[in-house]
Amino acid sequence: MFYREVGQYRTSYRADMAIFPILQDRIGLLVILAVAFVGLPLVGGSFFLDVVATPFLIYALAAIGLNLLTGYTGLLSLGTGGFMGIGAYACYKLTTWFPGVDIVVWILAGGFAAAAVGALFGLPSLRIKGFYLLVATLAAQFFLQWAFERIPWLYNNNVSGTIEVPTRTLLGLPITGATATPVTRYEVALCIVVVLTWLASNLVHGRIGRSWMAVRDMDIAAELIGIRLLPTKLLSFAISSYLCGVAGAMLVFLWYGSAEPSVFSIDLSFTILFMVIIGGLGSLLGAFLGAALIHVLPIVLRGVPPALGIDIASSTVEHLNLMIVGVLIILFLVAEPFGLARLWQTGKQKLRVWPFPY
Amino acid sequence: MHFLYLVFIDPFVQMGMAPDLLAQTLWEGLVSGVLYALIALGFVLIYKASGVFNFAQGIMVVFAALTLVGLYAAGVPALLALALTVAVMFVLAVAIERLVLRPLVNRPDIILFMATFGLTYVLVGMGELVFGGDTKQMIAKQLYLPSGAIDLAMLGGRVTLQKLDIAAAIIASVMVAALAVVFQYTRIGRALRAVADSHRAALSVGISLNQIWVIVWFAAGIVALATGIMWGARSEVSFALEVVALKALPVLILGGFTSIPGAIVGGLIVGLSEKLFELYWGPLMGGGTEAWFAYVVALIVLLFRPHGLFGEVIIERI
Amino acid sequence: MTEAAGHVAAGETLLAGERISLRFGGVTALNDVSFDIRRGEIRAIIGPNGAGKTSMLNVINGFYHPQRGAIRFHGENLARMNPGFAARSGIARTFQNVALFRGMTTLDNLMAGRALKMKRGLFWQLLRHGPALDEEIAHRRVVEDIIDFLEIEAIRRVPVGRLPYGLQKRVELGRALAMEPELLLLDEPMTGMNLEEKEDMCRFILEVNSQFGTTIALIEHDMGVVMDLSSRVVVLDYGRKIADDVPDAVKQDPAVIAAYLGVAG
């Protein structure tokens, strides 16, 4: 009844090829953006922004990055944590050398370092496929993890091995460091994520996205229609790592405020991979949904027992959390291997014909 | 110049100067290689027989060890605890078959692989929940495993062989031989290989997939238990073992995913090369190279042979 | 639709295989086979199963590299062709087992076929609005013409994995056509189709040849189709060429009859 496309004729190819061709979708997007930019900061408190919203944005960006590589191009990777780390450390070094330059510039620049390393570790992907490529990305992950600990230059020879985020301002407002407020950090993160998502969406809907999906579905056939495999795969690694690198820099500078090397561990790689799997491979929306579920679920779970008055040890909640995520993964793979994004699409489909059943 | 010397000459000089240390390192590498091989063996079993790459093998090792130690701590006598743990692994195999494998039959391999990720998380959470996250001691003495060491005076110095390590090597060899025989020469082994090739085809000739899967996951569970006992006795029982188990992946790259002898060879190569590199080249890089060396070796091997050292090259019919 | 890059006139040799021999381990797929394809013709390749027909196409395409022999395309010798080079030179093909991109829709598959013709780089693709979108729309127009031609408008947005086999083959033809090839290689385009679908396919192939001037080489088992469509036929048996002539002559060639039907005892 509400979600009908009746009467919405597309009279040009341009209109047909818009990313949101249906009017209701466009309105919905505007509403979401309004809520995100204005509504949430007004209504949510510091806790919500700092613990739920900003991390969600950062994970979502990393999930988009991994989704481009694994969901769209079909290249399985467990190196996400390492690539995020490169972005973070690159940003740190850059802002240490040039403290006068806007930190947002360095956050975005840190991604390029990650892109370069990502492309380098992506070189084997021409010869190595599937599971075997996974092992190659593990080599990247473990090597990078080791490097973050053992190369003191990376953390400015800080004795504790961690990087401390200095205070940086944008337009006079502090956005990193101890004095930055949750709202400012959230808004900066939101802007970055919105812009990068828009760019990723453009890529995915055009020639490059199609070439990635072609490589994923049948790389032999892709070669046959003239798609060059190595540049396509390398571009996927590079752009995916760029987004992960920016997410990593944001993680340190806009969320944690400091970082130990152990932050960018294989566990982080797994977490992002689960977000992509549950959210839906090959779907940008899925990256957001998956990040939301995997990040928010534990927080909700932690809040339930006190709300119900039941006293459970926090470690128990953590363990239950792990189990529930594991069960969710299996459930999704059994019931809806295309993840939350497919569930969303099916829901929209039902909404189209509501109140009729089909 | 000096750098070249350090990398290419000096380590060998050091090896020559202290041959007993070299021998000791080789022995240590061999032993850890055997343990890697055991974990890889569990992978190979399941992959050979169900085509599933069981990422949860590592956590099964930890889980088995935890169950054993936990039962003993609850007052169950050691050998009975062992028997009960075997039973638990059987129940686990049945549960996995019914709840994970059966709903996912005929799905693409990648889906099953990711399901084992989920399984890993479930087992980690369950293990921590039931047994607690702190490290525990393996009940080696109670299981009649030897302790103490044999000191050999050789090569101008002393080489120490832990009796436990020798026992581990022997037990591992016996298990491997038994499994190889079963796979190659028995009816069940043939059925297992058929299932690995194609679920659908195996079903169509009447092989009961469910039975086979339970058998194979149970066997892998036993291997995991043995590995857990050995490993736990050498160091301790903790969840850190799970990340170490990831090292079975390079072992599999080297030895192939479907070859039992390959798992052994791969394990030994990884164990030996890791320890040697860390001792003689590690100091040049600040140490800790065991975290990534095996993976880089696997990566280099893959560059030359994209299907692993012994892997099967599948020729796609276009 | 096709621009003759090498300016080979109609009737002249477009592609020639000279004494091709191809072996896989102990199996000889092709044994000293020589043939040519002339511009503007429809060339059929027939033979019993296992005769080496698909191997022949794969050699032309650059998937397999013959141990002996050469391929001449536009008069130039391409000793080691690779699939990407074949595509860029104007050779497109379809497959026995349908090599479509199953996760993508019909429209996306055809648009993917325009990959070689799309030039806008990463920067414009990131922005999308502007030159990249203009380019997409221009190519969309071409693809829509093909969709109209092949009468697959109704399945534009269906993921091809869900389409029935016959329609998949038609979509695959569409993707090959989207490349605007000079030479179109079709590997058993009619397999698994009923009579109506076959007639449609024949019509499409004939129109592609007559309207766009595309040279076509096709492997086909249905003799009726071969006789009706093709101007010349190559017959392979056990990797050897046993006949190479116009359809009527090949039909009566005793060697061909013996290969297909067996020698009368």
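Residue numbering begins at 1 within each chain, and the chains themselves are lettered A, B and C in the order written.
As a working rule, a residue touches a chain if its C-beta (ideal position, glycine included) is under 8 Å from a C-beta of that chain, and two chains touch if they have at least 3 such contacts.
Keep in mind that this is a model prediction, so the values were computed, not measured.
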item	value
Interface with the most contact pairs, given as the two chains involved	A-B
Maximum centroid distance from subunit B, chain identifier (CA atoms)	C
Whole-Å gap separating subunit A and subunit C, where each centre is the average of the chain's CA atoms	42
Interchain centroid distance [CA atoms averaged], subunit A/subunit B, Å	33
Distance between chain centroids, defined by C-alpha means - subunit B, subunit C (Å)	49
For subunit C, residues that touch 2 or more chains besides their own	63, 95, 99
Multi-partner residues of subunit B (each touching 2 or more other chains)	318
Subunit A: positions in contact with at least two other chains	220
Subunit A contact footprint on subunit B (complex, rising order)	53, 99-100, 103-104, 107, 110-111, 113-115, 117-126, 128-129, 133, 243, 246, 249-250, 253, 257, 285-289, 291-292, 295-296, 298-299, 302-303, 306-308, 316, 318
Touching residues (chain side subunit A, partner subunit C) in the complex	13-14, 17, 199, 202-203, 205-208, 210-211, 213-214, 216-218, 220-228, 235, 282
Subunit A to subunit B touching residues, read off their complex	76, 124, 127-132, 134-136, 138-139, 142-143, 145-146, 149-150, 220, 266, 270, 273-274, 277, 315-316, 318-330, 333-334, 337
Contacting residues of subunit C [partner subunit A, same complex]	61, 63, 82-84, 86-88, 92-93, 95, 99-104, 108, 111-113, 115-116, 118, 120, 122, 125-128, 132-133, 135-137, 140-141, 144, 175, 179
